[in-house]
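We call the chains A, B, C, D and E, going by the order they appear; numbering starts again at 1 in every chain.
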């Protein structure tokens, strides 16, 4: 452990020097390759957007740098097959609004002459921005939107690395299946709770579909306005439906309201499965304390995973240095970091900035899971453009910290089942 | 299975209690808004942002070791001063313009304050560390959040105090006079601008107290006020713009409708009975439940 | 109970037992009045007697608490304000009610649109009315920028432009100089000459004396006199209500605190 | 009036030239957005500016058009059909909701519009056939029949046409019985009634037309953005944007909404683009501060201030009709 | 015949010199001069719209003078804000009474004493108000809106006395009052003057006004056309004409 941390520090220092200092080996006249990135830089999602921007820029800098990591394209001082051309990220603001995302994508394609687009976090903005790319015939890589429908549109130029809500829902049911096998637990009734926006609705739909597929009863489906200030009725609905487990998609304020409500009303379930978001926010943990002990969440990334890639803590270090408030690498930022590398890899393999060539290269992408930060088996796109190697992980809040408990092969802690009862 | 009836009854009681407390929290936020409206006919659309600032102020005090309840008077005073300044430099000017000027002026203030909060405090959700009253109070089968209970009591105290202030003090009397007839009030020797500034300050101080109390159970973030403000506008209009008692009654009604509607109708439709009630009531009584004129 | 209806005389407007309460305040407490077609009837009374309230109740701006208002034999009490206007009752306000940001021509055109839905026709008619009312040279001024006399004139013109058969004029002379009053009387005579029936509230009896066919005096919400103007000023009830009884020092002494 | 037509003609000619001549997608997008918001602002202006009923729920009519478009396209119908269909639904919605609420005064009406809009929002979010929170994504097509184009030019032309129609309609409004009546009602509803104006009837007519215009803009928006969901079409935030455009420009004036849209596009989009990327909300600070400044120092809005100044310069005397923005 | 303030005379409590006021595009007062000696009752009479109310509004600071000066107790108050003029000792009982309808009678009276919070003063003034209008004592906790018109007028006058003014201005105190009550109100007004308060009275009831006043000014279209001792004016045909137009009959 100590050795690893020391090693990390040393590498960190080296990378920091490499990234910030002038790169001697870079060809002076190497062309620049522009990748356009559409992110919510203003508006309600601005803060998330700022983090994603930092992560993407970090990835681009590492690609252009010369310090090597066990990650694709990193440390080759640009794209070797294109004469060590540097990649340059140009950001455009979606404001988190579909029409603005569309305009941003158009700007990047027509004015910045981006060879590929990446973004946009919110599913609704990804929908419009990717249509622009489709129309223009420019590859669009989406590392971070979870609406399942995005890859069901029959788009030719759209690729998504992250697993979507359907996968996450499946993960929960697979996890329950695994538990049934290993611990012989019995879960029959699930309550599906979520805010009534795209996030909660998407997650809830996938969980309901999963219940049908895996043979669970949906005890109740509770959809509530995200900006609500009280959840009395919602909690009572869950309580009277007496579920065995609760699936929950909430932001921070509502997550707090629900957890307090469950506790007050003595809603004792065997598990609460959260769709990360509010439940993994540091403030949620700070505010709710020990009462959230035992909550599960789906994640796409964790620092506590038994990672198969030793670059994880190093990238985390670099990211902390650059991010506002020294935030650690999280699921969103890690996915966006990887997204840039996947694009860089494809462009390099294409050996060309022609869109068709890049698209062909993307279709042939096959990055082993070990070479990513993610707990994925690989990055490889199926016919719809969806990464078929993507998977989520499940973490459980144990001793005040989310610990990976599933898949069992990357788990760092055993599952605590059922959740501890409420302490009064 | 005979228990089913008992259980349904318990659920109903629980919902009733929850709705009542939720209503009190709405009253807590709405009461300052209705005072300002009553005195100077201004709907302060930045009301929610005043609340958000109060919540940040409470957070700031909590971070230096002053808890929400102890910090409450400090926050109220700070918001009072803030309100007076905003009135003197801004609202007063709006009042001299056409009626729509106060509408978009206070909207501008809303946008400005949200932006300031975003740049000063980031978009993070933040809560006070170790807030008191995190337990549950049980009355038979009914379980209530202590924090919400404290907020509810705070709402009653605040509404009562404000009512007493407006009804029984010299200054409160002057406010009522200004509210009713600006010219006649001037003829009593009342400085209308001063009373307006005071009323705006007191309205802000009420929001200050509300913000401090809400930090017992809510996190703060730049748009935290907006969620409460929308309900507060409906509460104030439903109760009758300017009526303190009206705001309390309307808040309780809204809380009940929201909770009962959320349970018996559907949670995603919980605001439907509230808005339908608003429309139905103002169509029958265009001045709101307890409003005059 | 209603003599006027059965008698079949040409009473254009018949008001019986008109009452209006505002809370505990009895603004009107049984007003009766008749206005014969083609006549000019004066409605007078001291300030606060209820003249304007009676107007509002007749014109439909207020709903009377009790009583009947018949216009051409048709009950119109409680009818919507705009429908009363459409039936042919035009009115002016005691306190001038302008349409802010509208020019004189626009304001009168707005009224003319009631009978002339096409703007071109309405403007033409409004021009006629303005010429008739002596406002033609001020037609492009904003209503709020007029003198008080012209504002009152504008109110009359606006009401005239709706082509009313009955015109209710509320203190159109108040606040005018003698020469302005003179002009206003001239306008009134022309209005009557057009065949428009007029019911006008006045405070100053002098104005009414030479032109009114008929006077109705109300005080404290009740009709206290109906008849010719010359009789009105001699009627002791009217004199007392209107002028107040002379205060004797004896009376004051009795009430001295 | 002649000046208004000349100005409109100049805008149409310049806009058309831009649509045909410019290839720059960003500039054309700005034009399109500007025209779209000018139409929405003008639509709002009919009921809230001319008639004086300040609405905070106008986005629902915009939403009618956008959803009509989405439904038509996803059901294999022509998007052109969405224009009459969306307009009809919007007009009906305006009539049904306006009938009881238009009699409310001041803030009671404004809050009622928020309530109605919230009910519509809740309805959409619970109806699977309306896509609930997920909304609709319109499939990519091309051509006039599909009302979709790979380039921006035709969109700008369509928006320009809609803008021109709406401006002409508003010029006609100002010179019509309805326009005179609305202004009279806003100025003094009692005096308006005294000249026989039926407040409810005329305001309903204005509200229905206003809704129709917003719906047409909604169809165009949907065909342009190809994505329709509650937050981007019917949310309170959109309604407030529309209302701000109306008041910043100057309510009850012919060119106010266009001026307001210009300020909005330049500020909300321009400022966001230049300095918003930090996630620190400086863009909001600046935008909010400017609204505050206009409210405090130019409370009649941009065009309203110009009109007042013109009037003052001419000494409020003999202004021939049509010389000012409101005549 | 013109009312020129007697130059060189000892300063009166209220001295108005060449006052002109215009608002709403209308010239309300033109070159008006007026004097009110301490402890006297001065009546302003004239037709509706003659400018009587405008004059009171100008004195109490509700409208701004365009030209001329208003001096109270030797000090220039022409441009003083209205609420400070009240503090100086001028109370204005406005046209239409304007009591605070939703407040109680008691609150209305206390609001009258807003500028003087001395509780002894308040108690004393309350007592004299109750002595003048005993009905108010009975109605103390009722909302003003529930009072009859006459009671509201009494309340308005009583409210005006609560600040202990040196000048009390009354705008049509007999308006809408049952004739039976008018003597009572005038008795009270005389009582107020007898207590040393100057009263400036606008009145439509000429007989009542001139019967009670010491001096009177007749206004016509914004100008003072006549002034003198009230007793002398009672029989003046000009007065009847200026105000009533009835003398012609």
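Observations
The rule we apply is simple: a contact is a pair of C-beta atoms (placed from the backbone, for glycine too) under 8 Å apart; a residue touches a chain by one contact, two chains touch by 3 or more.
This one's a predicted model, so the numbers in the text were calculated from it and none came from an experiment.
The set of chains touching chain B and also touching chain C is given as D, E.
Most remote chain with respect to chain E, judged by CA-atom centres, is A. Across the assembly, the mean Cα position most removed from that of chain B is the one of C. Centres computed as Cα averages put chain D at a distance of 54 Å from chain E.
Computed from the mean C-alpha positions, the centre of chain B lies at a distance of 44 Å from the centre of chain E.
Chain A and chain D have Cα centroids separated by 38 Å. Computed from the mean C-alpha positions, the centre of chain A lies at a distance of 77 Å from the centre of chain C. Shared contact sites, meaning residues of chain C that touch two or more other chains, fall at 145. Residue positions of chain E with contacts to 2 or more other chains are absent. Under the contact definition stated at the top, the residues of chain D that touch 2 or more other chains are 125, 279-281, 283-284. Contact between chains, as defined at the top, is found for A-B, A-D, B-D, B-E, C-D, C-E.
By the touch criterion given at the top, residues 54, 100-101, 103-108, 110-112, 114-116, 118-119, 122, 125-126, 236, 240, 243-244, 247-248, 251, 279-297, 299-300 of chain D touch chain B in their complex. Of all residues in chain C, only 59-61, 80-83, 85-86, 90-91, 93, 97-103, 105-107, 109-111, 113-114, 117-119, 122, 140-142, 145, 158-159, 161-162 touch chain D in the complex they form. Chain B meets chain E in the complex at residues 170, 173-174, 176-177, 180-181, 183-192, 292. Chain D meets chain C in the complex at residues 175-177, 180-181, 183-184, 187-188, 190-199, 252, 311, 316-321, 326-327. Only residues 44, 46-47, 196, 222-225, 227-234, 236-237, 239-240, 252-253, 256-257, 260-261, 263-266, 278, 281, 283-284, 286-287, 324-325, 424 of chain A touch chain B when the two sit together in their complex.
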